[in-house]
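Reviewing the structure listed below.
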């Protein structure tokens, strides 16, 4: 296997030197007032990227921890929930919902498509009594997005709680927790923020807290518990357990860089990277995974592979021969992802991605015009930077 | 508040520059074969400090995650469990056991004392049918230890499962998983290993796995699940969720340092630090928390404070005035802890601890002979290094 | 040899984690405008610690480089120079002066004493025609200082150029380049600033530049040249040669910390550390090297050893047995230095120093009351932090 | 100015995370035996890349320091020296030679050409009495090399001393100090080794030492002195002045990586990068600077620009618009350099370089087939990795 030259994965992403320096700060005791101040400051900065005045909880584990803990805290037996499924993570939410005893309805489309606001609106109108809608803002494995900006208000206007998995959504697309009335949102640092994995960032509305407190099955005295964090830490200044000091420091470094750049600029950087990647992929002769372009996420561009080209083989060859690490679709389909996420959402990281993918696919027998693809991508980049 | 000069906490501890450098290694995608190799290597090194051939699971959260997950995986409704309680963590195990439906008996002593092997033996002889014994090898909040070297075999010989919280035990005292027949052990990197927090290190015997697999309530598809790690990662090379790449790298750095030093040497370093700390504290006129010296842990020396000297006030003054961060007893009693744990288990870090504590207590009105204490500690240090 | 636990040397000193992080920033090409901006910013911050509006030159080598280069640039054959000698570095200046052809007079005292302003004044009055006075503000090897605050103005008022070696002076004692009329001053980052070695920081008055430009023997097109830096870099934005990018980044980190703390606070921190060290050493029964206390520097406390206790043996034993690294006098005499410099000018680092030195000397047979010494030092520390 | 995305300069180069971690190791006192051991170990590893048993001196400043110091040490008034000039650095050697009083003859060719071994042989045969030949192995500013493998032995066989500037030569091309009989060689870490700037690495034959010792004008007690290092450090274990501890640690990290990869592999990596870069540049329609391909260095590919395209403008636009930092020719001619040096001598870093340069030149009005160039480069890369 050749040496790794570029990590162009869909998270955890390569992080900046400043973020690595954050991770390497001296470890403080978690009850040092300095560290407690740091923790509170990091919460405030997280609230900024969530664009919320709601409580922010930082759970000490990868986003899946908060997704599980929050859902378990919100769901009561027999609760009527509408789950929107357009990819692997939405599908998984449904399994959990059933495990936790909800009465689940699903609006499901192909993993290369998106559930539209119209579908949601229509369903809710036809099915009164839904208490919660669950959705995934950005399905990372397949690179499609959900229109949270419209689905959120549709639910809010009907008094329906929203549970939003936006792990790769925040900073990779517009996300307005308060403006859109979103109740429970979860994101992670290792995606568009360009941070390290290991933390769950959660925003919780008062309505969501009320629901959890009314739920006798909501986890308490548990690693899964949001209520523990609310009562012990937010309420009382005591940590439910030892937090990951270094990860909090790394998160602050990543947040500082994003806030210094500006939230809108970070999002635009992702959009720009997608546009040049799309131009390059198209001109090279590649096909997009998504059935239509307006549902493609700004953080990964998913490429649909021909049936006879296996996505795992593509990833392995790109890595072993060319030292470039891609992500495939984690089972979402026969696709490969050109990521432009966090610190790799620049310009030339996408040129590397296109070149490495184009060359790898050529090695595997696909007929592509790699040169034309790269030239087209550079053309778009030139125009963006004009 | 004056600037922090020394962190002498009971974990997370100050870590070495080499460990910080480990945390700051470039973030790799978790499915990069390089990283998967790293993860496996780290498991093997963890097995070495556990002194086991059992499976090692590295869960991606502070030790409490594995303690909860493992207990929940092992306990079935009505299961007869004997829980040994000599401190806060043992007490907490009991609460969980009840929550999870076990039929719990407890052998409880004061938090300044230890449950003896004889007590355990006697109890087990008198009460057949116990299926599991839970114990805490090292009660960090109060600085006492349990004699696992004898309690382990007592249980093994009776075919009783053992669940051992040795979060601050491994590398701070002898720990022989296989020789002592321990089934489920949990430790963390942020204590005697001198690493960063955020990971649970678990060793699981085949007998423990069998118990979990036979338990329909054992967590699956959950952040709490050990079975997920067994099946997906150990079995199939897939991570149940994104691991904390940087924390794994930091853990490897810490393990490498410990293994290069030698397990016995690391333990001896802790013992030496305790001995000089004890000599210093005694000569200064301080009283130990533990009712007898042979149950004092090698990683923290707990000092019993007079009733009119509040442990929180001591910690706050030491930190704010002198820039030295101590841990108090987290509710275990009116005590303060002189830690000598991980990278602070040297010689002069304990001199700093004794000097800062002595001076702080003098400020608070205690009559102490600080100079005599420091001189006595240095005397012991001199003899150790002879 | 036991493992290093504390470096309490007289420079290079232990540096803070933030300074290490500065050193570890990505290496930029020196002609990247970002880096050129950094270099200029670092110059400006250096000017702040020099308290000057003069040009600041940052030469890319340890302070001795600038001391040599500047002296060679200033001295013309037959130039009448008065050199003040109270230690090793002053002595060395004299050798260079002779090599470079100056007509050198020296005011020399024992290396445990200081040349007074009165001596200088008297000499200058008696010997008209002196064109330059050379002095060492802080003789690091012996821990004595020179009263630059008075000698500077004495020279300025007579129109005499001053060449000031203040490598361990800046930030360890008051230093006012402009207020005191100092022409050429050299300091380094690895002393009181708490930075890494490898750079020479120089302030140059217009008068000094004029002198250099009038000197045909002044180095040009040479690593020793100050004029190259003036013309190429300050004048033209071109580096005379590749600068040490990482060292500039590390210097900026160190400067940022010092400026955030405040120049006066940094100096006071050194003074406080000296006072507690002096109190401790005195109460322990140690003798100071300096003949009188008002000439003792704030960055190292030099201890006079009995004739039968060899300073090299003391240093070796402290390091090999106790893992504490001290500096001896580099030939200035039979002394050992308790440093409290840069990041080790705190409180408890000096307790470590006193304890380790006291214990080492006891091992070597000296009768000391180490306990009393430590207690006295803590007493002073308590009063300082009140 | 857009954010820096890639540094593709001709040194200082981007360095690996492992090298940055080396720079960030705790600063030790230079007289700590640990550090002295480190220094000696780094010398030995440096000798390995020089492929020599000669003394290795590590001077504490960028390579120009050793180039100056060594030349000044070797040259005596009236000494007959032949200087080979094919670029800026060779030209500069000549200026120094004259300054130092040598009787200089020069074989000079255009800066896009190389002095051949035949020219040297012929000259030496025709001009007996030459005592030293000076040459530059790799003229970084113009990207041409000298055939040291043949010129070295030609000199050795005639008993003529050789002075070789191989700052960007070692590890970027074959370099055999002993096999080729080279007397004095200087390299730096910040080029093909992929380290940080700030150090001069020098190999010195016994013959060269003899010459220096016989030279009364050889610098002594000076930053420029090699003899000081020979006598004080190599002879006596004392440093002539404080070394740059962090830079030595960084150098060791870089050396460790290179030696682990293997000297021949590192060189091959540079050669491969040049080949793919050449293929790309040629297919894009670019012209090489060098008059013939066999004199092109493996560490930078110099591109000849049309008269109406200014090299400074190219560099500025690439940096400000595209965030890619190139080096121009530092006055060697109207050229721009595609560097593939040290850590950027991979595969895709050169794709970035070609893409960014191609796009920038297109922006400036040149008609290029950027796509064809990138495709050709990828083709070569694919074949190299087969």
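Just so it is clear, A, B, C and D label the chains in written order, and each chain counts residues from 1 on its own.
Definition applied: contacts are C-beta pairs under 8 Å (C-beta built on N, C-alpha and C of every residue); 3 or more make two chains touch, one makes a residue touch a chain.
Here's who's who by UniProt: A, B, C, D = Aminotransferase.
On a predicted model such as this, the values are computed, not experimentally measured, just so you know.
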Farthest chain (mean CA position) relative to chain D: B
Between A-B and B-C, the pair joined by more C-beta contacts: A-B
Centroid distance [mean C-alpha coordinates] between chain B and chain A, Å: 35
CA centroid of chain A to CA centroid of chain C, Å: 53
Separation of chain B from chain C, taking each centre as the mean of its C-alpha atoms, in whole Å: 45
Multi-partner residues of chain C (at least 2 other chains): 17, 20-21, 24-26
List of chain B residues in touch with chain D within their complex: 17, 21, 24-26
Chain B-facing residues of chain A, complex: 1, 4, 7, 9, 11-15, 20-21, 23-34, 60-65, 68-69, 95-96, 99, 188, 190, 196-198, 221-224, 241-247, 250, 319, 325, 327
Complex interface listing, chain A residues touching chain D: 2-3, 5-6, 17, 20, 24, 321-324, 346-349, 351-352, 355-356, 358-359, 362-363, 369-375, 378, 381-382, 385
